[in-house]
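Note that the chains take the letters A, B and C in the order they are written out, and that residue 1 is the start of every chain.
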Amino acid sequence: MLTLSHVSTRYGSIQALTDVSLEVEKGSVATLIGANGAGKSTALRSIMGLCQPHAGEILFEGRKLNKIPTHRIAAMGIALVPEGRAVFANLTVLENLELGGYLQRDGKRLRLDIDHVYEVFPRLKERMAQMAGTLSGGEQQMLAIGRALMAHPRLLLLDEPSLGLAPLMVHAIFDAVDRINREGATVLLVEQNANLALKRSRKAYVLETGRIIMQGDSADLAKDPRVQEAYLGE
Amino acid sequence: MKRIFFVLSTLSLLGLLQWGVTTLLLDGPIRQGPYYYQILILAGINIVLAVSLNLTNGIAGQFSIGHAGFFAVGAYMAASVSYYAGPAIRGLVGFLPLAGQDAAVLLLALAAAALATALAGLLVGIPSLRLRGDYLAIVTLGFGEIIRVLILNIDAVGGARGFSGIPKLSNFFWVYLLVAAVIATVGNLLRSSYGRAFIAIRENEIAAQAMGIDVTRHKVLAFVISSMFAGMAGCLFGHYTMYLHTNSFTFVKSFEIIIMIAIGGLGSIEGAVLGAVLLTVLPEAFRGFESYRMIIYSLALILIMIYRPQGILGQASVLKRLGARMAARRSAQGNVPVTAPAADGGNGG
Amino acid sequence: MESFLQQLINGISLGSIYALVALGYTMVYGVLRLINFAHGDVYMLGAYFGFYLSRILQGRTPYHLLDAALVMFLSMLGCAICGLLMERFAYRPVRRASRLTMLIIAIGLSLLIENAGQLIFGANPKFFPQLIPESHIKLGGLMLTNQQVIVLLTAVTLMILLNLFIYRSRTGKAMRAVSFNMDAAKLMGIDTDRIIALTFALGSALAAAGGILVSINIPGIDPLMGVMTGLKAFVAAVLGGIGNIFGAVLGGLILGLAEVMVAGYGSSTYRDAIAFLILIVILLFKPAGLLGKGAVEKV
């Protein structure tokens, strides 16, 4: 469904990604793990066109994404839940969701979609009239994911959804991600919390200083001593 | 201490050189063509304005658009000194020949202008340099306009009629002495630890702070030095034109100075000089089609900013030198023995 | 007392014009973090569009008000197009450059429009035609002209419309999203270039309205009329908290009132200084403006 082949991206004068190749199968959950600053976010930003790779090719359902503006990539069916959530703090929860469904011009469907998000995250319904900036971190994460769902993405990119959240909240979020995946969306998950990410995914890639150094089935990688030592803290 | 000696020696050397050239030139062709002489003077004043503004805007990265305000403060302060206190000063130094008396009056006026504008810079700078980016631009713009309106309402300096009767004390020698002084000062600052701090602040204020640079102090320092030179330029301007009017000090003048440094290359001394000269000489060349002049200016400014935002000269020269020096120092700190470039007072602090 | 009320009305009238122009500054700043110095000159262009259009259109319809409305609408349209051109050809090419570059371009654009204006329209002031015959309305001891009332009503109507647009419409929501976080807005599928262009168009149209309304009250127009008004409107925007729509309106009203009061009870030569004095005071004590958030710029 999504293929990166030999992608390299610079961030200013810093080489953030070097020759990254990966593949996400339709219907699966794949994960990209690695330490802080390994280039995980840059990989997602490159897919969304928020930064431009200077080499390599990114294909989504056979279509090349390079050089396509971000908003058109979003319209093609990819949604990114950015790191740090980036909810529109000065807008209400409801308005945030409406913006998530920006491309849906049919008002009736928009209502239905919002109801669906409320069903996945009942907490958001309670908070719908509140400014997004006043939500707790976990609620903001729910809102960010809910907002992304509004566009009915076939591919959902998640950037560190567990960051800064209490363990209970993390599980709630990941359960929601499972559900979204079961409902048909393919998921690419970027995580520092490798333990969790490997448990919840089928295939995994390990990124280190901008390069893919290991890849394979998540279950296998979780048993790999090198991964255990470097990322699982065992 | 070493730096002060260095600045002083550079200054006196340049001054001496300038004086020699001047005496030769003044008796030569320049005297004969008052028109060219005037352009030369105005170019010199614009160079001082541009190079000094470049210290705040280009080197320290604090965008001020009120330079004309400081120019005005200096001009009116100095003019008041020589107009009201001039005879008294002459009386005090009556033992000197006339040229000496002139110089004494001018020097006192210059000192008063420098003091007043440095003070004004401090007053405006301390509170407003805590703000950043656009806000500083706004405050300085507001300051410039307030100064103008205040002057317009002070009858002792002519108010709306303008200030006339200022003695003609300034000439090629003084103007270019100041040019030399401003270039030497800014150039030396740039090569000193202060210069590196300024550039660090411009590039990333948070990082600069984290590195232990007292950001506000450095910003205020740059701002005060910059205003002081603008004030001294004002002094020489008034004592050359013998007449001042607030219309010469609107924010359009501030914009003009910004254009000079933007065209020449923000952050580059050579660029500021080039920009100032260009913007003084070009209008004269276009005098025939006055109405198109500003259109061409502004269009050129926009196009340069779009296609060559680093200006004609850019920062390359300055930064390259700095970069080379830093690289040399870095490798010198490592085990590889590298001969560092000749010490130039840049190793302090 | 009556003269005070009279001054109050004059102040609100002037303030509402500042507010209209300030809205454009604040909206553009909101989406691009750019002080569009050329905005005051768009206001001037609006007045000139109005001038030429009223020569063509005046008396074409049976009602003076309809004439005026038509002139107003077409001038707003004309300025909206100017705003679009400015954005497309001067600002968009440097969107990725430093904000300083954009600021210098704004200064260049402003000088360009002013000087081209002097060349095309002539440097001498022109007399703006009377679109609506003046009549007087007595309100208690107060003497109002119908023009003052029309100016005020129009300004208020436009501001209400803008408010509805920004807070109720889908595009308005997108505009707020862009001004809060451009990248996140892109991720929602919002074409940010389009929204930015639209912001310029809207702001310019409001400035045009301001230019015409001011010319109805004070009929002399000249190519440099946008300089001072532009600066003051900008001060109004900062006073209210730049980037904040309500702030712009509030700032405009305060400034208009302050100016009229200073001119009425103090010295009229200080009239122009009061705006900047207020500006400096507000920046020193509440840099984010009256309604703004997040004062001293963060990273």
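Just so it is clear, a residue touches a chain if its C-beta (ideal position, glycine included) is under 8 Å from a C-beta of that chain, and two chains touch if they have at least 3 such contacts.
What you see is a predicted model, and the numbers here were worked out from it, not measured in a lab.
If touching chains are joined by edges, the resulting network of the protein chains shown is an open path. By number of C-beta pairs in contact, the leading pair of chains is B-C.
Each chain's centre was taken as the mean of its CA atoms, and the one lying most distant from chain C is A.
Centre-to-centre, using mean CA coordinates, chain B is 35 Å away from chain C. Centroids of chain A and chain C (each the mean of its C-alpha atoms) stand 42 Å apart.
With centres defined as mean CA coordinates, chain B is found 53 Å away from chain A. Contact residues on chain A toward chain C in their complex (touch as defined above): 48, 50, 69-71, 74-75, 79-80, 82, 86-91, 95, 98-100, 102-103, 147-148, 151.
Chain C contributes residues 29, 33, 35, 90, 93-94, 97-101, 103-105, 107-112, 114-116, 118-119, 231, 234-235, 238, 242, 267, 269-270, 272-273, 276-277, 279-280, 283-284, 287, 296-297, 299 to its touches with chain B in the complex.
Interface of chain B with chain C (complex): residues 61, 63, 65, 127-128, 130-135, 137-139, 141-143, 145-146, 149-150, 152-153, 160, 206, 251-252, 255, 258-259, 262, 266, 291-292, 294-295, 297-299, 301-302, 305-306, 309. Taken together, the chain C residues at the contact with chain A in this complex read 170, 173-174, 176-177, 180-181, 183-193.
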